[in-house]
Each structure stands twice: as structure tokens, then as C-alpha cells.
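Written below as C-alpha cells is the structure these notes are about.
Chain naming follows the written order as A, B and C, and within any one chain the residues start at number 1.
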Amino acid sequence: MSNLLRPKKFKSQARNRRISLGITYAVLVLMSIIWLIPLLWIILSAFRCDYQADGTFIGTVTSYFFPHHFGLKNFADLFSGTYYAVPNAFPRWMLNTLIIAVIDCVISTFLVLSVAYCMSKLRFKLRKPFMNASMIIGLFPGFMSMIAIYFLLKSIGLTGNPDHPEYSIIGLILAYSAGAGLGFQIAKGFFDVIPNALVESAKLDGCTNFKIFIRIILPLAKPIIIYQALMSFTGPWMDFIFAKVIIGPANPEYWTVSVGLYSMLFGTYADVNLFTQFAAGCVIVAIPIVTLFMFLQKYYVEGVTAGAVKG
Amino acid sequence: MKKLIAILLALLMALALVACGGGSSEGTTPGGNGGEGGNSGEGGNSGEGGKANDNGLIRVWVGEESAEFYQKVCDEYIAAHSDFGYKIEVKGMDTGSVAGTITNDPAAAADIYTVAHDNIGKLAATQCAKPITAEALVNQVTADNPASFQGVIYSTLDGTKYLYGVPYISQALFLYYNKAYVTEEQVKTFEGLQEAAKAAGCKAITVTGDDGFNMSFALLATRVSDHATTVKIYEGAESVSGGSKGESNCQGDDTVAIYRWLQAYAADPNGFKWASPDGWNADLRNNGVVAVIGGAWHYNAAKAAVGETNLGITLIPTFKLTAEAVEGLSGVAAGDEYRGGTFADCKCFMINAHSEPSKYAKEQELIMYLASKEIQNRSYLECMNVPAYVGAADFIKQCFEEGKVSESEYNLAASQVSMAEWGIPQPFITGTLNTYYYSKNAPAVLRAIVDQTKYPTTGDTILEETTSVAGIRKALYLVEYLWMHGVTPKEFPANLPDKA
Amino acid sequence: MAKKDKRKADRAGFFQKIRNGFSYFVKRFRDGSVGTKLSHLIFGAGNFYHKQYIKGAIFLLLQVAIILFMVLCPSINGTPYGYKALLNLPLKNVTKGGFDPATGAMTASSNCQLMILFGFVTIAVIFIYFILWHKSIESSYKADMDKKIGLKPTTFKEDVKALFDQKFHITMLTPTCIAALVFTVLPTIFMISLAFTTYNQQDMNEANTNLFAWNGIQNFRAVFTGEGSLGFEIKNRFLPVLGWTFIWAIFATFTCYFGGIILALLINKKGLKGKKIFRTVFIMTIAIPQFISLLAVRNLFGEYGPLNSLLMNLGWTSQPIGFLGQKPTDSELLAKIMVIIINMWVGIPYTMLMTSGILMNIPADLYEAARVDGASTTKMFFKITLPYVIFITTPYLISSFVGNINSFNTIFLLTGGGPAYQGYQAGGTDLLVTWLYKVTIDQGSYNTGAVIGIFTFVITATITLVTYRRSKAYNEEDTFQ
């Protein structure tokens, strides 16, 4: 009996599966569209090249979604434009951000890995208190300390320094990377999975902790290194509050690109026709970050998953 | 010597790690070795290089729209005066937020900066600004500027009255409108704008923001026939510490009637609206309104929004009080014609209190040059900054007649100069009283009246309505009280007197 | 009962520890060599005594440096460090500046912020001095002990070597600790302390001064009485903002969490083609900086944005809708719903990525067993998949809840906290953290901000500690490996 029924059941199952797959496709495509609309809007605005009847360029937000004309004018204007009396401001901001991001990336990744290694593989008296303290400190809203960090940096001449405004970039790098070590949890979660037996056997072979770290742990930690590096590299491109407070409104030539772009919409320049140039800037900023994410997707997912499991 | 100590300390910081780590017998405090020593060491270092030395540079902050111009004229000045002895670096700053930037960290601000005059009191009181004493400069300021400005650029320090700000740009509100929709006849009255808006299917007019400065368009409206208003702000005040605050009045019948009129005008589908969160220029560009009340610094944005050919510039229009607006009020009659008012402000050069004394004489010399009529005139021609000195109107007219400026550029300056006659400078006395008007939310209360929404009054959340005559008068009384006392009143008088 | 006993025992243990520590100090002084005794006065004396010259020199130099720092009082912008900073800390002898018209010299007023900050730095230096003092004696005493049992005191080379082996954690943690102390701990303490001062730029402007003072717990009292600008703001707005912060955090956490799980299930559905493309689409929204994507969304929903113009063209509305509460007259409820919905746009891809990884790791034999038992797909989802995912991601749920309480970008960029409550800083959609930002960075009311910050901290800390300390992840952190 069951033999007789089986093919029919299979058939209906297959049909059900097809239907449910179809629905899944429809839902996913719909969701993808919803998720892409804002990004599309930015890209379309960046390439928009519409003029009014009398030849005035339209740079504001428009009520229509699709531009009437496309062109590269916004990009050309962005790269040659003078903002906040800084000639060629945008390329400068890009360069500043690149410098900050690269250095921050190196320092932060090193700090995170070293702390995570200690917390995961070494045992010492103040380990638990350190972990608790780092968690508690992390609960204070970061904005609270922003002003104090400004004053501290200022008191060692690393920001608000009239004679050397360029030092504020060093100040910002310090401010970004100094706290990085306290965000060791994800990397620690990753190290925890590396079997202790490996470490023990290396110790029996007479390896020092330093050598274990360099020769055994680091080579195994490639995914988490890449994850941390990715996170700390992209941080400065995304932050628009901290950088503004630390570098200050008086030194627009040392701003990061996000501060610059943000103030295009919310400074005095908010008055002017800058939305399309802002959009062009956004596209330029987003391209390298998105590319990085795409290439390093695997590691990113690994890091995110490790973070989820370890909290 | 100190520098040496600093270097030593920094070295020690590194060594501390070794000493401490090596010295401990078992697990130690992981941190806390020498970090602070190092930090303070570097601190000593920059303390050395910080204050006392005169770096041969005078830094100037101006509005960002005219930074290039002022750098140019400064370079010219140095070239012409080889004995000046200082390099000059001009930087553009956001005019709206620069005063806050300076108060947050005056030591990092420029030697000479420019702010709108209503910040002078605050900057003087918090010792961010230095008095100006050079006789030649004080005389120039007295000779060049209208009395209204001279009343608001002095402040007191230790009981002595000093000049703090040197006016160089005047600022007042006027009207931008879209010629494509509004005729020259219609633009003369709010009712005409309404008519034009109805034809265009949009709102008539907006303001560039809802801050205290922009709020003046209604608060300071005056009767056309005799320039009269019952609004008084610190009238008869003495600008010395301990001087009297004078008299203030915001709740005259005419003001109540004006706000009742504005309520109706705002409720009309073709009347007044607040600026879009996307910016007032979005309103203008997207045909959300046909006119905007703004200042000279909005010129480029307005031009970009509707195009130069469509951009009209003129005085803020007049309006006639309706029968509903004057109902139950005395001293005003239906049909009375009023013109929208404005604060007539000026932007001033000021000297930073933290600037080295050795630069003081040269700074004043430089300001004297930058605020001279000649440079003010050039700044009008090159940056559309309307000059502040008495008689600037003649120069503006002459430039137009000689074809040096376009018609809209001329209209802009001429409208502003005319509007200034319909307005008063934002007053402040003995420092900072005027900041009450801003910091204690008086503009928010004024907006609540126009929106006919509720607003909080005292420490407890008592919400007052703004739809009746009594409600409006109460709200206006609150504004007046804030102006005078800087706090909300504990309770409202049972019968609000009409002081007019 | 048992708990109480434990606490009692804890307390006894604590006092015992202090007693032990004290007697150890006495013993160390009594039993130590001359060098050790001398070390109590001069750092490194004991090391010199044991011929550990380099180490001794380092200790001595550090001592000299700190003493010089304390005595010479290097000053920055006219505010001194050192003992003078300690004298300044009570903010009693502050001076208002003056002006000399003849020279143009202006004596600056005291800088109260720096006085407090430098005071704390100096206290930290003193604290470090005592740690060094202890370490110096200990180092010498250890050499004594080594000698006693016939060992040689360690050489400098050995000490350095130890830093790369058994004391490797010190080498590794020191940079982070210094950085955290200077850039996190000190600033946090400084900001907390401002809650006990009159440092409020608005009030100070009105009082014609740039000086402020300590005022004890008056600010906290003002919260209840509603006095002053601080009391007015906090008394009337704290509870509404707190309530909304919780509602927001709950909705934001769970909508993104379950939305993400569902999306992950959809994408990972067997037989679905183009998994990679779909996933890439969603990762893209993570990769793009939020200030870009959220500002784009904000403009889409703006008064003259495409959505409003579409709705008006369709004739569904005659006036533009204020979706994001940017005007005081806009609907608060609508703005709240909108930010929660838009936040799903931000948060779902993240959970999706995370759960995708977990879904693939679910042991296949669990499903095998269920299939053998004849369980349906739906049943397997509710009995196996969901419990497994939730079990694994509980720590994430907690941290994302706390993260949402402190979520700044979404609110700040979309609504700016609006619709505004006329007369207050905190608007209808302001969270504690955006409120804090407005009050401190925009307004300069640092004492108000500090009070709000302390409240926020107490709340997040309580939630975290209660949930986290009970969680397996914390208690079995050590044994997990």
C-alpha cells in the first residue's frame, strides 16, 4: 500500500516545494529591493545632472526619484570644490581619513589581539577583575568622556593646538585606538576555541609565552585578525561625531571625510545646493568600504558569529 | 629645563614597564605603571611652548563665505606695511556656531574673530574677548557707525565700560520671492502673496529658521502709518554692570493682534509655513512657497533654488489686521496696516582674550584697516556683505548706477538697508541678558503661538493653550518675563495688564 | 539564608585580607635587609644593595620624576599639575581675570575644567607612586628571600626575559591599561564628577562668569524638585525618555532579531539559487556607513522627498506627511513607529549574517533523528532550529539590547530626537544617549549631561549585570574550553 502511495506523495511534495520556493524568491526579491532603494537613491543623486529652465544647477533633494539627466558634474565639483575655505577639501579629507584609518587599524588590531590572548590563554591574578572592569567601563555612554578626552589631548598639545593644527590627527588616532583594547571580547571568544592542548605542548617544548603567541596563536588567528582590522579600518570612515569634537570646527582641513560630508548637509552649507555633491562623496567613500566587505565577507561573518555566541 | 624633564619622563615611562614587570614576584596589577608620569611629562613640554611665546602670526576667523576675500586684503596690507611684523592667517568659520566654538575653548580660537553683535555680551562676560582701547580705532568706530550699533558693542569689565566689537557687516531680514509666481504688486502685501500662492497651489511664505533672530519678523512688526509698536526690549537700560534693565514689553494689544493674524495666516492652506526640515531652500525650490524671509547670507542658496532670473528681492511685505484679529482688543483697529519687522544686527571684529599682549597693538591696527569704509565697500562688491557704516546706502546706490553690481545684488543691499530702518538691533545689556531670549526658549514659545500648540511654563509641566486672546497674551508675557528675568515666572498675574 | 552567610563570610574574608596585608608589610619591613628597609624611603635602594643597578636606577629615576612633577607643578594654559593641582581641586581659590588697558594684557580667569581634570591626574600619579613604592620594596624583599635560600637575585636580563614568558601578560596588557586609564577611566571619572558641580554653560553665561564650583548632591536633589534649568529638564523629561528608551530597545532588539532569523531561513532554504547574491545585497547595507544610508532614508521620507510626492500625486494625502517628526507639530507616534521600522532595515542584515552561520552549524543528526520520528518541517523548525538558535544567541540578545539602549545613529540621523517638545532639549523620540549628546555637546550643560549619564549607566549596568552574571557564558567562561 505504501508503495503505491509513495510516488503521488512525492509529486505533491515536489509541487509544494516549488510553490514555497517561488514564494521565497518573491519575498527575497521584494526585500532586496526595499533594502537597495536608499542606496540607489544616493547613487542616482550622485549622478544627477539636472538644470532649471534658466540654467541653474539643481543640487537639492528633489521630489522625483529618477534624475532626468545623468552626468559626472557632481564628482568633478566635489574633487575641485572649496569647502569651508579649504581648497580641494574632499581629496584632503579622504587622505586624512586614510591615514587615520591605516594607523588606527594597525594599533587597534594589535591591542585587541594582545589583550584577547592574555584573557584567553594566560592565567593571572587580576584576570577576572580586569574583565569585569572592562565590561563596566564599556557601559558608560561614550559621549560622556568625549569632552574630557578633548581637554586631555589638548593639554598635551594633540588637538586645539594653534601652532600645530596637524597634531590633531595624531590626537584623533590616539582617541580611536586607545580604547580598542577593551573591546577584546570577540577575539577572546575566537581564541577560546583554539585548543589549550596546543599551548600546553608548546610549553613542554620550552616555548615562551611570547613565542607561543607569535608562532602558534597568531597564524591560527587569521580570520579574527582580518575581522578586527576590517572593523578598525572602517571605523574612522563611519564616525562623524567623535572626529568632529576631537578635531574641532576650526580646522576643516584636518577633518575626516565623514565629518566633512556630514557638515555639507548640516553646516552653513546646508543652505546651499550640496545634496548631490554629498551623494557623490558618499559613493566615493562607500566604494572602497563595500569592496573590502565583499572581499572579506567570509571573515566578517566568522567574526560576527563568534561575537554572537560569546556575546 | 622643563623640556629636558619632559623627555626624561617620557623615557622613564618606557623603563617603568621593565622595572615594574621585572620587579614583581607574581601576577601584578596589569596596568598602572608610569602611564601618568609619561602623560604629565609631555604636558610639561607643551606648557613650555604654549602661552608666553609670540609666534609672529595673527590668526583671523571670519565668516566662511568671505574668508578668501579677507585673506587677500590682509596680504595686501602686509605688502603695503612692511613694518607690520606679523603674518596673517584668515580662516572661514560657520557664523552660526562660531560663538559656541569660542566659549568652549577660547585658548584654541583665533586672535581676531568675528561674531554677530548679540554674542558680544556672552564673550565679554566669559572672558573670551579683550576690550579694544586704541584711541584711533575707538574714534573710527564712533565716527562711522549709527547710534543703534554703538549702543550694543560696549560691555563692562570690572566696572569700566569698554568697546568690544567693531562692526563691519550689517545684517537684517528682507524678502526673497519667486518672480515666476509673484507680481511686483502682489509682493507688497502678505495678502498679495497669499493670492499668488493660491494661484500656484502652495504656501505663501516661510522663514529660514525658527530661531530668535528669524522670529523678529512678527514680533517686531510695526504700524506702517507711524512706525509704532508697543514692543520694548530693555528700553532705557544702562549698559554698565549694576545698571538698570530698563523696560520690556511684549504683550501689547498690537502684538497680540499681530499674532492672532499670523495664526490665521499660518492656518490658511496658502499662508505661512515653517521651513521644511530639508531646509527652507527646499521649500523655495520645490515650489512649496513663493517667498522666503531671509538675510543676505542666504543669497547664494536662494539664487540656486529658483535661478537668478526668477529671484526677486524686496522689503518684508505689509499686512492688514483682520476684524477677527482685533476682536476684543483696544488700541488696534481692523484694517490697520503693519510691516514685518527685523532685528537689525551687525557682525563685529573682536579680539581674543587669550591672544598674546604683544600682539595687541597690531591686532587693533589690523582691525582698524579691516573695518574701514574702504574694505567694507570692497567686501560688498566681492562678497555681498552689506556695509555697516552710516551712509553705506549712498555707496550701494552709486555702485548700481555705475553698473558694478547686478540688479538683484543692488536690491539685496538696498532692501536690507531699508529694512534696517524698520527694525532694531538685538539689545543686550551688561553682558548676557539677551541670551535669555535664546537659551530659555522664548523663540519656542513664539513658535507655539503660531502653531497654536501648547507649551510648558514653569518647573511643573503646566501646559498653556495659545488659541485664545488670553492664552496668547500669557505666552507673550512669558517671553517678556524671560527677557527681563531669565526664568519662567512662578505664577502669572491674574489680570495681565496692558502696559501700553 | 545561605546567601547571607556567604556575604558575611565574604566580609570577614575582606577584613582578614586587609589584616594579612598589613601584617605582611610589617613583616617585610622587620625581616628585610638594610636595602629593603631603605627602599621604604628611597626607591630602588634595595636593588642597588643587591647589585641590580639598572633596575634600581629605573626605580630611583621614577621616584625622582614623580617628586619633581609634584613639586615643580608644570602648568598648561596657566593651570598647574602637582601639589598645586591638589590645592586647586576644591575650586575654592579661583580668580576672575582682569585687564590692563595700557599693555593689553589680560589675566585669564581660573580654568575650572582643567583644575578638576589635572587634580584627578595628579591623584592618579600619587596612586602610581604608591604602587611603585610597594613594587620597589617588594623587588628588594624578593631578592632578600632568594638570597636566603641560596639563589642569586635575578639579573636585569632575566627580568626582561621574564616579561616575555611568565610575565608576558604584563607586557601585553600594559599598553591597553595605560591607554584605558588615560583615555577612558580618567575622562569617565572626570565627567561623573561634573554631576556634582555647577558646570552649565547656559547658567554660567547668564551669571556673567566662566567659573563654576562644586555643589554636592544639589543637582540630584534638583531632579526631584525641578529647580533650575537642570531640574526643569530632567524632572519633566527623564521618565518619558526612559520609558521610550526601553520601548525602543525592546522593539528594536526583537524586530531585528526575529526578522534576521526569518531572513536567514529564507536565504538558506534548500534548493534556493542565488544565495550569494541575496546575501551580498544585505551585507552591502551593513558596509555602507550609517550616516550615508540613514541620511538617504531621511531624505526619501522628507517633506519634499519622493515618497511624500508620490503619496500626494496619488491623492492619498493633501499635505506632506511628517514621517520623521522633524517639526514640533508632527505626530510623535508616527515618528516612533517609523524609526523602529527603519531600524529593521539597519539591523536585520546583521542578525541574518550571524544566524546564517549558526544555522549551518546545527548538528545534522538532530534533524536526522527528528525525520526518522516523522516530524514535519514546521515542527522541526519550532522544536529544533528555533530553540537551538535562541540558545546559542542569548548572550547576543543581551548585548544587542544594551546596544540598542545606547543606539545613537538611528535616532540622531533620522529624527534628531523630534518632534521637539517646545521648551525642552529632549524631544519625542530622543533616547537617553541622544538626549545626553544634545545637552552636553549642543548646550554645554555638562552637569545635566553627567546626571543623565549616571542614570543611564546605572540602568544599563543593572540590566547587564543581572542577566549576564546569571548567564552560562559568564559563569562557565573558564571551563568552556
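Rule of thumb we're sticking to: a residue touches a chain if its C-beta (ideal position, glycine included) is under 8 Å from a C-beta of that chain, and two chains touch if they have at least 3 such contacts.
Bear in mind that the values here come from a model prediction, so they are computed numbers and not experimental data.
The chains touching chain B as well as chain C are A. With respect to chain C, maximal separation of chain centres occurs for B (centres as means of Cα atoms).
Here A-C and A-B are compared, and the pair linked by more C-beta contacts is A-C. Chain centres here are Cα means. That of chain A falls 38 Å from that of chain B. Chain centres here are Cα means. That of chain A falls 19 Å from that of chain C.
Touching of two or more other chains is recorded for residues 76-77, 169, 171, 173, 176, 180, 182, 299, 302, 304-305 of chain C.
Within chain A, contacts with two or more other chains are made by residues 61-63, 124, 130, 155. Touching two or more other chains at once are residues 27-30, 39, 43, 46, 50, 107, 278, 282, 285-286 of chain B. If you check the complex, the residues on chain C that touch chain A are 76-77, 113-114, 117-118, 161, 164-166, 168-169, 171-173, 175-176, 179-180, 182-188, 190-192, 263, 266-267, 269, 271-272, 278-293, 295-297, 299-300, 302, 304-306, 308-309, 345, 349-350, 353-358, 392-396, 398-399, 402, 406, 408, 432-433, 436-437, 440-441, 446, 449-450, 453, 456-457, 460-461, 464, 468, 471, 473, 480-481. Interface of chain A with chain C (complex): residues 17, 20-21, 24-25, 27-28, 31-32, 34-39, 41-42, 61-65, 111, 114-115, 117-118, 122, 124, 127, 130, 134-137, 139-141, 143-149, 151-152, 155, 174-175, 177-182, 192-193, 195-196, 208-210, 213, 234, 237-238, 240-241, 245, 258, 261-262, 265, 275, 278-279, 282, 285-286, 289-290, 292-294, 297, 300-302, 304-305, 307-311. Chain C meets chain B in the complex at residues 47, 55, 58-59, 61-62, 65-66, 68-69, 72, 74-78, 81, 96-99, 101, 103-106, 108-109, 121, 124-125, 127-128, 131-132, 135-136, 138-139, 142, 154, 156, 158-160, 162-163, 167, 169-171, 173-174, 176-178, 180-182, 201-202, 204-206, 208-210, 225-227, 229, 231-232, 235-236, 299, 302-305, 322, 324, 326-329, 420-424, 444. Chain A makes touch with chain B in their complex at residues 52-63, 82, 84-85, 124-126, 130, 150, 154-157, 160-163, 248-250, 267-268, 270-273. Against chain A, the residues of chain B that register as touching in their complex are 26-30, 39, 42-43, 45-46, 49-50, 55, 59, 61, 64-65, 67-68, 91-98, 101, 105, 107-110, 208, 278-279, 281-282, 285-286, 297-298, 300-301, 303-310.
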